[in-house]
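Shared chain: chain A. Partners: chain B in the first complex, chain C in the second.
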Partner chain A sequence: MIPELFITAILVLLGGALLSFALSSRDERTVRTVALGSAIIASVFLAALSLFTLLTGQNFVFTVYQPFPYLAISFFIDRLAAFFLLLIAIIGGCVAVYTVEYFEHLGGGARRNHLCAFGNLFILAMVLVVSSATTISFLLFWELMAASSFFLVMYEYTREETRKAGVFYFIMTQLSTLFVMLGIFALYVQTGSFAIAPLTAAGSPLITAAFLALFVGFAIKAGIIPFHKWLPYAHPASPSPISALLSGVMLKIAVYGLIRFLLDVFQPDIWWGVLILAAGTTSAVLGIIYALKEHDVKAMLAYSSIENVGIVFVGIGLSIILSAANLPLLATISLLGALFHALNHALFKALLFLTSGSVVHATHTRDIEHMGGLAHRMPWTSGLFFVGAVSISALPPFNGFASELMIFSAFFSSVAVVDPLLKVLLFISLALFALTSALSMACFVKAFGSIFLALPRSSESEKAHEVSEMMLIGPGILAAACILLGLFSYKIFFLVGYPAVIPDMLLIGILLLVMAALTYAFLYFFASREVRVSETWGCGIHSQQPATEYTGHGFSEPIDIIFSAIYRTRTKNERTFFDRANCIFAEGTGEIRLMKVFEEYLYLPLARFAVWAAESISRFQNGCLDTYLLYVFVAVVAVIIFLGWYA
Partner chain B sequence: MSLDFVVYMMVNTLLVIAAAPFFVSFIKKVKAWTQGRRGPSVFQTYANLAKLLKKEVIYSPHSSRIMRVTPYVNIAAALVASLFVPLAFVPEPVGGIGNIILFLYLLALGKFFMALSGLDAGSSFGGMGSSREMSISAVIEPTTIIVFAALAFVFKTLNIFTIFSVTAGSSTPVTPTLILLGISLFIILIVETSRIPVDNPETHLELTMIHEGMILEQSGRNLALMELSSGIKLTLLIALLINLVLPFGLGTTLTVAGIAIAAVLFLLKGVLLGGIIGLFESSMSKMRFFRLPSLFAMAFFFSTLTIIIEVFT
Partner chain C sequence: MTDMASIEGIIKILFVVVIIAAAYIISTRNILSLVSVYSLQSLTLAAIALALWIADGKIVLLEIAIVTIASKVLIIPYFIATIQERIRIKRDIEFHYLNPTTSLLVSMVMMLVIYFALSRILPTAPGTPSLLFFGAVIGISLMLMGMMVTFSRKRAITKVMGYLSMENGVLFFGMFVTELPLIIEFLIIIDLIILVLLTTILAVGIDSTLEEYHNRLHRFHLWEDKEDAS
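On to the complex of A and B.
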């Protein structure tokens, strides 16, 4: 039953993609609606089968295609795979619902059909990666995912920034595939098979190398600092639903890969956990600090994704450390927290990307300084964005809090770890984790405040209007999921067989409602009920003007100053004078520039090295026949000598 | 949920609401005394709240629903948080009530809404207040979490109820570690309740105000709710500190006489701590905003030191 449902879902997705490719010359809404509709139907199937697998805990293995004895395309769905299938299904379905109308507002004519087709292929590739039973099919579909997402990012290829983003994205995503391939190859050398099965030998350098290669490959795809730079370029460049898929789902596929290999293949050492924890903490803190500085709403959300994936990595790393320290219960809580946060982040980040897509559509700008006052003009969108903002700021009783609470409690109880040095490391990581969560609250107060509250700061923002229904229904489902997953987190974990890993959030929600209702009732009977809408005091000005508002820049200025050492701003002040004593000023320039630390010190040197190496090698290929004959001669002589030596 | 717990919820909530305005006024009174003034009566805040309830609410035409729901969310978060800190007697914990992390994040929930309401009307005062409040709360957060993690570490539990029943039942409750943690908690109290040297609760001057800036747009009954919730926050942090360091009289069984005695004792101990807060505030001036991070860094290293001592002994 489950395999058939799975195959049907895959065929429906593939059918939608092929139809859209076949009819790519016809710029008709029907074609796109059918393609997106097939994505929605496939999502429903996938959600059903993954929910069934999650609740019953059954495993399914089935082979579909076997061209060579060693190379079987077979699928394996267990609880872990089903969990990520559910994630893909929910986000994919909601994004498709949103996109039905969003694409009609997008320029590009019949190329939008390609967008639908590649979108379907992208979702399909992610589904297949998650359900791969062998490392070789994992790698194959991993590459399909990378390639199809590249075309999605490059949609608006005529724009300069998109092309830059595309190049960045392509190189990073191929590097990721390269490292994953190296890791899988090392595993093959070690075991002689492509099966995802536990390693019998442990501790050999080859296994460590395999882990490191896989870790780098997954970290690049997940946007872990310092491999994160593609995210803030690719997200603003691609259409909003695509950003939602990239950030909400694709990053989680990397998380899936890491967890799958750690749980089912390796026997992790404690230092692997420390490495993952350190990488996660760094990403979390730096990600949110950079997000605060960002005024392009989509780049801000991209940096915030880096932060949240960092939190997921913190949970994974912590879980490895705890299980190595023989605390299996805490390790489980931490890993469940990481998984739950992956799902939650997918939900609220897709919600935020979709609603910010609506905002960008309504205001024609991505700069939050030119927005404002949209709460009155787009009441539904603002409400949905608000749910996302509260969830991502980890406030009770929403879902973002539930998962962070689990990681926090694992941290708080992790002091039972024996090694004192490890304890200190855990405390430092905990402190930084706390800083992250407080800064993300600041970041989303700023985002919501600048985008939706106060007065509009541009004429476009003034003229903005609410978006159509489908663009509210998609995010609406996600918002409902955010609230329900938070409130019923206790029940959900109880249902899947992990009781008492989290306090009952429903109780807190009910208590909050009761207290608010009691207060309201008290005020209704014992206080004045008069309300007046009138200009409030604004330091003696006649009426409030947009120019006097606190801007987003202004809002984050104190944090900029406090963390100026991390931002690495570079102040330039060049002046020329008419006289020697430097008294009579002629002209000059002054600027405060944010240094792109990682780009300037890591990416560009590496890129220059690659170019230099390529140039050195290309000197051998000079197009002259004589030289090539010489190469052949030298090679033959070398082979003869080599054979003579060993024979 | 047992009957005991229902009684506890009602008694504790009423006690917190009743005590909160008193502590607010009492600290003001102490500050007035140190300045050689007589100051307003210790019941002045009750009168202020009653007066505000009778006034109309004025909303700016630019403000949205955020402004209208913030007072209710704030008071609800503060009241639910008040269930987490037993004032007079400690029942068996129910569900997640008493969870330290949940307690901290309930307070953060109120703060989030308050900061948004500061931005809502578009006034630059409100924005300034929100911006500063969010910056300060971000920088103090690592310290807060480390202190509470240390508490969890020392008592081997995440639940405030369990911590309190340990301190209440112990014969020698005050250990050096607890005193060190108490000092860290005191700094957190000063920061979280917007007191000198971080913020000045008395002024409405743009250079100094943080918390007052955010609620400048609030009026009438909404303002009363905001004032009451910040009073409740103060009371809760006072109670947390008192029941950790001076727990005597804190009951673990439900009797009318026990609760009455414990409540009176709590008020007396609260008066003592309130006096200390008042004197502390009077003895220093407000710090420049950008010098605050170094104060927080001090608090952070202090609490980390506590933990390291605890870890290595």
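On to the complex of A and C.
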């Protein structure tokens, strides 16, 4: 039954995509609704089959098409794959529900049909990547995913920044494919087959090289620092539901790839774990520090995605280290925490992107300094955003807290690791991880405060109004999932066969609720009822203006100063004076420039090196016949020597 | 039957003649003598083919000998001589990458390399290497030496000579190792004649009318207005 359901889901997705491709000239709502509806239906199918697989623990292998005896398109669904299928299904379905309405407000006419088609194709590609049974089909669908997502990012191609983001994204995503391909071919050379199967030989340099290539490939796709730069470009440039898919789901496909290869193919060394842990910690800390500085709401969410994927990588790395140190239970907790956090991040990040899409749609700006006061004007959206913000800040009893708690508890118990150096590393990592949680809290307090609270800071925000139901239902499901997954995390882990990996969050939730009720009751019965109407002191200004509000910049300023060494802000201040004692000011210029550290120190030098290398190679093509004849001569001699001594 | 040993001896002497001719083509600065050396080399090839025909009795070898004499000893040298009459270049002293001495040294090293490479590839009888083996070595060397001429000389006319002697190497290799079908050998020779014909037309036929064409010939080193000062 499961294979049939799976194939039906694939066909429905494909059908939706083909339909809106075929009718791409007709700018009609029906076409798009049918296409997105097919995505929703497929999501329901996928969710059903993955839930079944998760709960029963059965594995399914089935071949769909076999053109040659050794090359088959076959699928393999086990619990790991089913988990990620579930993730794709939930996010894909909710985003599709949201998008039904959202696309109608989007400009672009009939091109929106293409957006629907590529969206379906993108979801399809991700489903196929996750369920691939061989490395070669994994690679194939990985590339399909990259290509279709590129078209999604390039939707608003008329804008300069979108084109820049698109090209940046394209290069990075192709680099990712390149590295994944290298890794897969290294594995093929090692084993002689494209099957995803455990390696028999261990420790050869080729296997290490394969791991490193795959790691870099997945890290680029996952947005791990220093390969992260495409995220803050691509997310603001693409439509919000697309950002939700990219950030919520596609990053997780990279996580899936890493976990799949680590669990099923490699026998990880301990230093692999250290590498993944270090990369994850760096991403988590730097990601959230950069997010604090951002005032473009979608770029901020993009940096926050970098942070969260970093946390997932921390969990994976920790799990490898712990299992190498012979602590299998802790390793399991850590890995489960990483997986759970991947799901949770997908949920709340999609929620946040969708609601911020609504906000951007209502206010026509992405700068949070121009928002404000939306809590009254968009109560439902602000409520949903609040749930997302609380979840991502890892406050109990929401799901973000549950998954981070699992990784934290694995960290706390890792004192059992014997190696002193490793111990130090784990402690440093733990400290940075804790810092990350605190900073992400600050970041989302700032975001929620500046977007929804106080007075509107622009006329658009003043005129903003609540979005329609469909644009609330999609995020609403996600918000409900955030709460439920948090409250019932203990039960869920119990159901899938991992009891006692997490404290019962329901109890904590009830406790918190009771405490809140008691506080409220206490205040209600004992506090003074006297009402005092007065204005806040506004520095002597007569009426309260939006300009006197506490801004997002103001909120993050102290943190900016603490981390100024990391931001590498350059302040330039040039003044000239009329007199010699420098008292009477004549004129001057001042500028504060935020350095793009990775871009200036890593990406651009690499790009320049590539250009230099290309130029030096192109010098071989000098248009001189004699030179080409010389190349032929050298090649012939080389062939003779090769034949004589090496063949 | 004729005495096999004496025929083998004659063929070996002819080998030496071919190599000397190739060495001369690679190293000479005198264009006028190039063509006569080339026809001498071709004639030697024809003689080897004849000798092999006497030894083996294969009719194809006789045909090759006749075709070679007709084309490479008579027709092609005739065309080239016509070109040389028209263009007033008698010396070729401009070189790319390799000068004649280095070319000679390189070709010596190359022959050794080919010898050892082939001794690992070709199955040879233990003891004395066979005629076939030497034929292969010299054929490939001849080909590569021709190629060296094509890239180390700047004058187009010398490049053509290099190309022609390269083809001699192919023929040589074919005679001893792979037994080139006659039809292919025929086609190659037609190619060569067309090449030489084109060069002749470029050098002799068209230039009298067009000024601009003249300049282009300059660029390809096909034409010089005055003799190079050596």
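Worth pointing out:
One rule holds for everything that comes next: the second predicted complex is superposed on the first by the 580 of 647 C-alpha atoms of A that agree within 3 Å, B and C clash if a C-alpha of one lies under 4 Å from a C-alpha of the other, contacts with A are read in each partner's own complex, and residues count from 1 in each chain.
Operating definition for what follows: a contact is a pair of C-beta atoms (placed from the backbone, for glycine too) under 8 Å apart; a residue touches a chain by one contact, two chains touch by 3 or more.
Just so it is clear, the structure is predicted and the values come from calculations on it, not from any experiment.
Legend: residue contacts after superposition of the two complexes on their common chain; A:632 is shown touching chain C, with no touch to chain B. In the superposition on chain A, A:597 makes contact with neither chain B nor chain C. By the document's definition of touching, neither partner reaches A:422: not chain B, not chain C.
By the touch criterion stated above, A:140 is placed in contact with neither chain B nor chain C. In the superposed pair of complexes, A:477 makes contact with neither chain B nor chain C.
When the two structures are aligned on the shared chain, A:644 is found in touch with chain C, with no touch to chain B.
Across the two superposed structures, the residue set of chain A contacted by chain B and also by chain C is empty. Interface of chain A with chain C (complex): residues 625-627, 629-630, 632-633, 636-637, 640-641, 643-645.
Within the complex formed with chain B, the chain A residues making contact are 372-373, 375-376, 382, 390, 393-396, 401, 405, 408-409, 411-413, 415, 420, 423-424, 427, 430-435, 437-439, 441-442, 445-446, 448-450, 452-455, 502-505, 507-508, 511-513, 515-516, 519-520, 523, 526-528, 530-539, 544, 546, 548-550, 554-559, 561-562.
Listing the residues of chain C that touch chain A in their complex gives 96-97, 110, 113-114, 116-118, 120-121, 140, 144, 147-148, 150-152, 154. Those residues of chain B that touch chain A in the complex are listed here as 53-62, 64-66, 72-73, 75-77, 79-80, 83, 94-97, 99-102, 105-106, 108-109, 111-112, 115-116, 119-128, 130-132, 134-135, 137-139, 141-146, 148-149, 152-153, 158, 216-217, 219-221, 224-225, 289-290, 293, 300, 304, 307-308, 311-312.
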